[in-house]
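Note sheet for the following structure.
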Amino acid sequence: MATRLRIAVIGAGYWGPNLARNFRSSADWDLAAIVDLDRVRAQKVADAVGGVPVLTDVEDALADSTIDAVAIATPARTHHPLAMRALAAGKHVVVEKPIADSSDKAREMVDEAQRRGLVLMTDHTYCYTPAVQKIRELVSDGSLGDILFIDSTRINLGLVQPDVDVFWDLAPHDLSIIDFVLPGGLAPRQVAAYGADPIGAGKSCVGYLMMPLQNGGMAHVHVNWMSPTKIRQMVVGGTRRTLVWDDLNPQQRISVYDRGVDLLRQTGFETDRATATVSYRLGDTWSPALSEREALSAMTEEFAGAIREERSARTDGYSGLRVLDVLEAASRSLAASESFTPLRGALAETAV
Amino acid sequence: MATRLRIAVIGAGYWGPNLARNFRSSADWDLAAIVDLDRVRAQKVADAVGGVPVLTDVEDALADSTIDAVAIATPARTHHPLAMRALAAGKHVVVEKPIADSSDKAREMVDEAQRRGLVLMTDHTYCYTPAVQKIRELVSDGSLGDILFIDSTRINLGLVQPDVDVFWDLAPHDLSIIDFVLPGGLAPRQVAAYGADPIGAGKSCVGYLMMPLQNGGMAHVHVNWMSPTKIRQMVVGGTRRTLVWDDLNPQQRISVYDRGVDLLRQTGFETDRATATVSYRLGDTWSPALSEREALSAMTEEFAGAIREERSARTDGYSGLRVLDVLEAASRSLAASESFTPLRGALAETAV
Amino acid sequence: MATRLRIAVIGAGYWGPNLARNFRSSADWDLAAIVDLDRVRAQKVADAVGGVPVLTDVEDALADSTIDAVAIATPARTHHPLAMRALAAGKHVVVEKPIADSSDKAREMVDEAQRRGLVLMTDHTYCYTPAVQKIRELVSDGSLGDILFIDSTRINLGLVQPDVDVFWDLAPHDLSIIDFVLPGGLAPRQVAAYGADPIGAGKSCVGYLMMPLQNGGMAHVHVNWMSPTKIRQMVVGGTRRTLVWDDLNPQQRISVYDRGVDLLRQTGFETDRATATVSYRLGDTWSPALSEREALSAMTEEFAGAIREERSARTDGYSGLRVLDVLEAASRSLAASESFTPLRGALAETAV
Amino acid sequence: MATRLRIAVIGAGYWGPNLARNFRSSADWDLAAIVDLDRVRAQKVADAVGGVPVLTDVEDALADSTIDAVAIATPARTHHPLAMRALAAGKHVVVEKPIADSSDKAREMVDEAQRRGLVLMTDHTYCYTPAVQKIRELVSDGSLGDILFIDSTRINLGLVQPDVDVFWDLAPHDLSIIDFVLPGGLAPRQVAAYGADPIGAGKSCVGYLMMPLQNGGMAHVHVNWMSPTKIRQMVVGGTRRTLVWDDLNPQQRISVYDRGVDLLRQTGFETDRATATVSYRLGDTWSPALSEREALSAMTEEFAGAIREERSARTDGYSGLRVLDVLEAASRSLAASESFTPLRGALAETAV
């Protein structure tokens, strides 16, 4: 293998220690420094991974010409300025999600990286789990056929977040995964979002998000902080097979059903619209064995690969941008009032 | 017990035999006749329940003054004319769902029954299952508190119906159940429906339906003909407890979770908006034993009770009307195009 | 197809109606008569399947030379005399399980059928379910490799039977299935059974049955009338793959796991005992689609096939005999007292 | 609270770090030293919990009069000499399971501790999980009634251990739990064990263990290294209710079923044996909320409590001894050959 790349992890809060541990144990990387304004916090992370230099000023890391890249794990509002500075200093950048706190800023970051020929990657960690890697592979190699619908459920009894609603808290996972597994990425032209705040939290605690897919299909995401049971499930329906990913079933996370509905089109001269005949396949179910690799380890490998091969990372800046664009459209949809259809007047009178 | 009521079952197709069998074995009813234009079909049903008279002309049943009521299990478009004729003849009427093929006609039927002081009941059979009866009881006695959200999933690999889309095929079950268990019945002012037809069937095969509940809550129904796995699940979230009904788990159909999110409002003079503090309850789960009574048997008892006590049936004509009103609004919502929010232009260009 | 075979069903109690219905709807069979001492009961069964002659004397059926076979569904103690009479009259015979009320009588029946060249079949219905047929196929075609262990659980809250203990009530199902799927049939040389009667029912209500298999393997059956949950599960472990049959999971009754333990033997001159190295396979899981055919329909087809092809039925008289032999050995094992190993004296003193 | 007790952890291998971490974070304990012959290994553990003294000679810890107790987490064969030395030095002792490598040695340890008035505790960690604590509580407060049967399953695809068979590897968990929850502890007079070694590993890889309970009940343990699926389940059947503990279902680990079989005894003069009538309860299911406390933390608290209150620990030396006694009896049972009942000769000839 070529010489190792050198990286500084910026931010020693919640996620930074995980990044530090994985870059430290990677064969691709040397962990060059832990950077945090709070030296004590940085030192603690450095000690836990075994003696890595500590810096309190980002500029010191950026000025170090032996450092190839930075991993940013600071609060979302600081992602843009830090990433722009790092890119300006010629560093490759991987940013914890969300890539920025607005799509405008994310777009600037993406443009800047492209202009400078540097890798800008979003750390959509979930995409590097063995399950999601397998889903991408099964979509990509045609095992599922064309994608007809995606239905994702991410619900549990969750903390009502102070700053964000349930869409911004939970849906980034679903959206980044959908972006990762669909051949064309997450590219809806439009979005509809419906939220409920039945406890008066001042923000949606229950949310539903719909996005048309190509060819008449639809993706749907259900996020919920108020469910007493925990569900993490995604169904990916295709023309050939349908896949169910149940992330809480370690004994059978992924099931691929060779079952489905086929529409046999018959055309005859006596009718100018196609007559449809439906047939069913009731075939076998198959559950692929999955590796047990830690997701962040695969992420660090992908980041190194993108840099060395001078290519985009699988979860590049655009993927982070696409997720932000959908979330922002969802917020606009929530604020819009015309999205409901009124019942006709008569019921309002007879009901109640 | 008082003398038995006498009923004629009209229609010997799919549902008629079930009605005949249950009225026949009821202590409240005498099954007076099976009526069908097709005498052979009627005779077969009559034989199966043990020698009941057969008629081919509805008028013969309506003219029989010993007959108190009729049960209509004919195609939906005939419900209105048959029910109006029966009501005009002074008979109480129970109608298979949907109560009519339009809400206008249903409204006429409801008005006619009311004017004549006759019982008009919709056979929302699911509402008479022990599970749904228990849910209604637990909502009604306050065990769940105020209802915050309802999420219903009814998906499987299903026949693409020739005449109706997936909403009209499956959602009547969910809607009639929601109508049955909510204290105020199904009374949304507005509805939003989103459907997908990814196989080109000419109608929605995957559908999502949202309805605001009182106090900021929301009901959501997911119906789907294309799921390789079968799910029949409804979550009813309340301020005190949350109930999960899993109809495919005979060993634990209903689970009541004493878990939830509480919002403790604190007001202080230093702030004019309430500061919310969230607390969690992580209490016990309880699964009530359910009786094993057949739903249709309970339905026939309720019909008799309503007639004898000169009261509305629990699933009266209005309930059938409310379900139709929501379905019609859902169809209008599907036809509307402004319900999606477009993504901003930039993504359309960067995305591929 | 050749002309249909003609059969009389003897016994119109619990199981007879099912046999009558399936022989009636079979393309292989004409249902020639329903025989029962109780004419009313026989007539009811005959009516339900649509006009079949009724007899009250078995001899009338046996004297009818147009009748090829009889199906015996009478109480167990009458199986032997009825079957012996039928065989003497030259009829092929299928007998509801148990084939007789003692292995001695079963052996006589088997010998008599063999001597006369007639088919004697045991109606081990479970063996004709699509799931068990598939298990037999997967064992037989080598998909599982050599069988290492079988573990079968059949527990629920069950009726304490007046005449039989839990072994005789439930284990015949497990034993007949094991007999059906093992290449050599159920052929243990010895058996150990342990039962408990903690409610003083006068018989075992909880039972465990162990039987050595060839090559050091073991079959174990757990039957239990006192379990609050219902389990119907069989694990068949093989050298190549392991199969789990969960009969209460209609969405995935059979799972075949390509996982297992391999023992790699290494021999070296420095050691006279083989050094074992264990390796693991963690492969895919596969769940075959199963047909939805009713078991009894497949049973009637097999009976006809055996008669026409002059061969043994898959569940022939011997299989019924083998099941009886194991149950009788289990009863002897239960009665034996030396099967437990005492703890050493000291504990009895220290323990309370 | 009184002053903290001081403890030395002996052994820095697999389990020692967990003990060190929990004693370190306990309000009851000061972690006085980590002891291991391998100083580097000891230092690593000491560093991980933040600067605890390291010793390489046990005698140094035993000579330190400020140390009240030792926790022994060394290989099983060293438990006896180390514990005897520590007791002789006046230290309270907690020993990792198994308490010793033979019941004779365990008995010596128990006697020695009793003679000296010191606490000897077995670290049966599983007993301190919230689930097992709850089971003990529900047995103890009479919620389950008298215990009728216990059925424990602990199976998965497991490593074939070099030194021990599947009974000694896995059953100590089940046995220590049964010992913990039964009012009288694990006190069978006799045991029967059946093992299979179908892969030629030289030891049982599949095992079944039966023990009579009082009043005609039975406990059964199924341990298995060759199951492709993982099950950790214990059913505790009582006269009032039956409890199912499914340790792999974090959403509902414990279910208490108010279902069961009742035997109503009727005596009449016409019969000298009681006529039994069975009745069924089909009541509710209840799943208690469980705390999330780490088991080892509760264990360290119990150890401190026993020392301070001069009482036996809940999992004292006797409990470790009882588990060993049962395992040794199981090994003797396995070696015995007369525990199977032969089938009668005839089958051996007809079969095959």
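The first chain written gets the first letter, and so on, giving A, B, C and D; residue counts start at 1 in each chain.
We take it that contacts are C-beta pairs under 8 Å (C-beta built on N, C-alpha and C of every residue); 3 or more make two chains touch, one makes a residue touch a chain.
None of the values given here were measured: they were computed from a predicted structure.
Colleague: Looking at chain pairs A-D and B-D, which one is connected by more C-beta pairs in contact?
Modeller: Greater number of contacting C-beta pairs: B-D.
Colleague: Which chain lies the greatest distance away from chain D when centres are computed from Cα atoms alone?
Modeller: Result for max centroid distance from chain D is chain B.
Colleague: What is the distance in Å between the mean C-alpha positions of chain C and chain D?
Modeller: Taking the mean C-alpha position of each chain, the two centres sit 38 Å apart.
Colleague: Quick one: report the Å distance separating chain A from chain D, using the average Cα coordinate of each chain.
Modeller: 44
Colleague: What is the distance in Å between the mean C-alpha positions of chain B and chain D?
Modeller: Result: the chain centres lie 52 Å from each other.
Colleague: Would you pick out the residues of chain A that each touch at least 2 other chains?
Modeller: Counting only residues that touch two or more other chains, chain A contributes 229, 259, 282.
Colleague: For chain B, which residues count as touching chain D in their complex?
Modeller: Contact set of chain B toward chain D: 252, 258-259, 282-289.
Colleague: Can you list the chain D residues touching chain C in their complex?
Modeller: Residue positions touching the partner: 103, 107, 110, 148-149, 151, 157, 159-160, 184-202, 205-206, 208, 210, 212-213, 215-218, 220, 222, 224-229, 235, 237, 239, 242, 244, 257, 259-263, 265, 273, 276, 278, 280, 282, 318, 321-322, 325-326, 328-330, 332-333, 336, 338-344, 346-348, 350-352.
Colleague: Where on chain C does chain B make contact in their complex?
Modeller: That would be residues 229-230, 251 of chain C.
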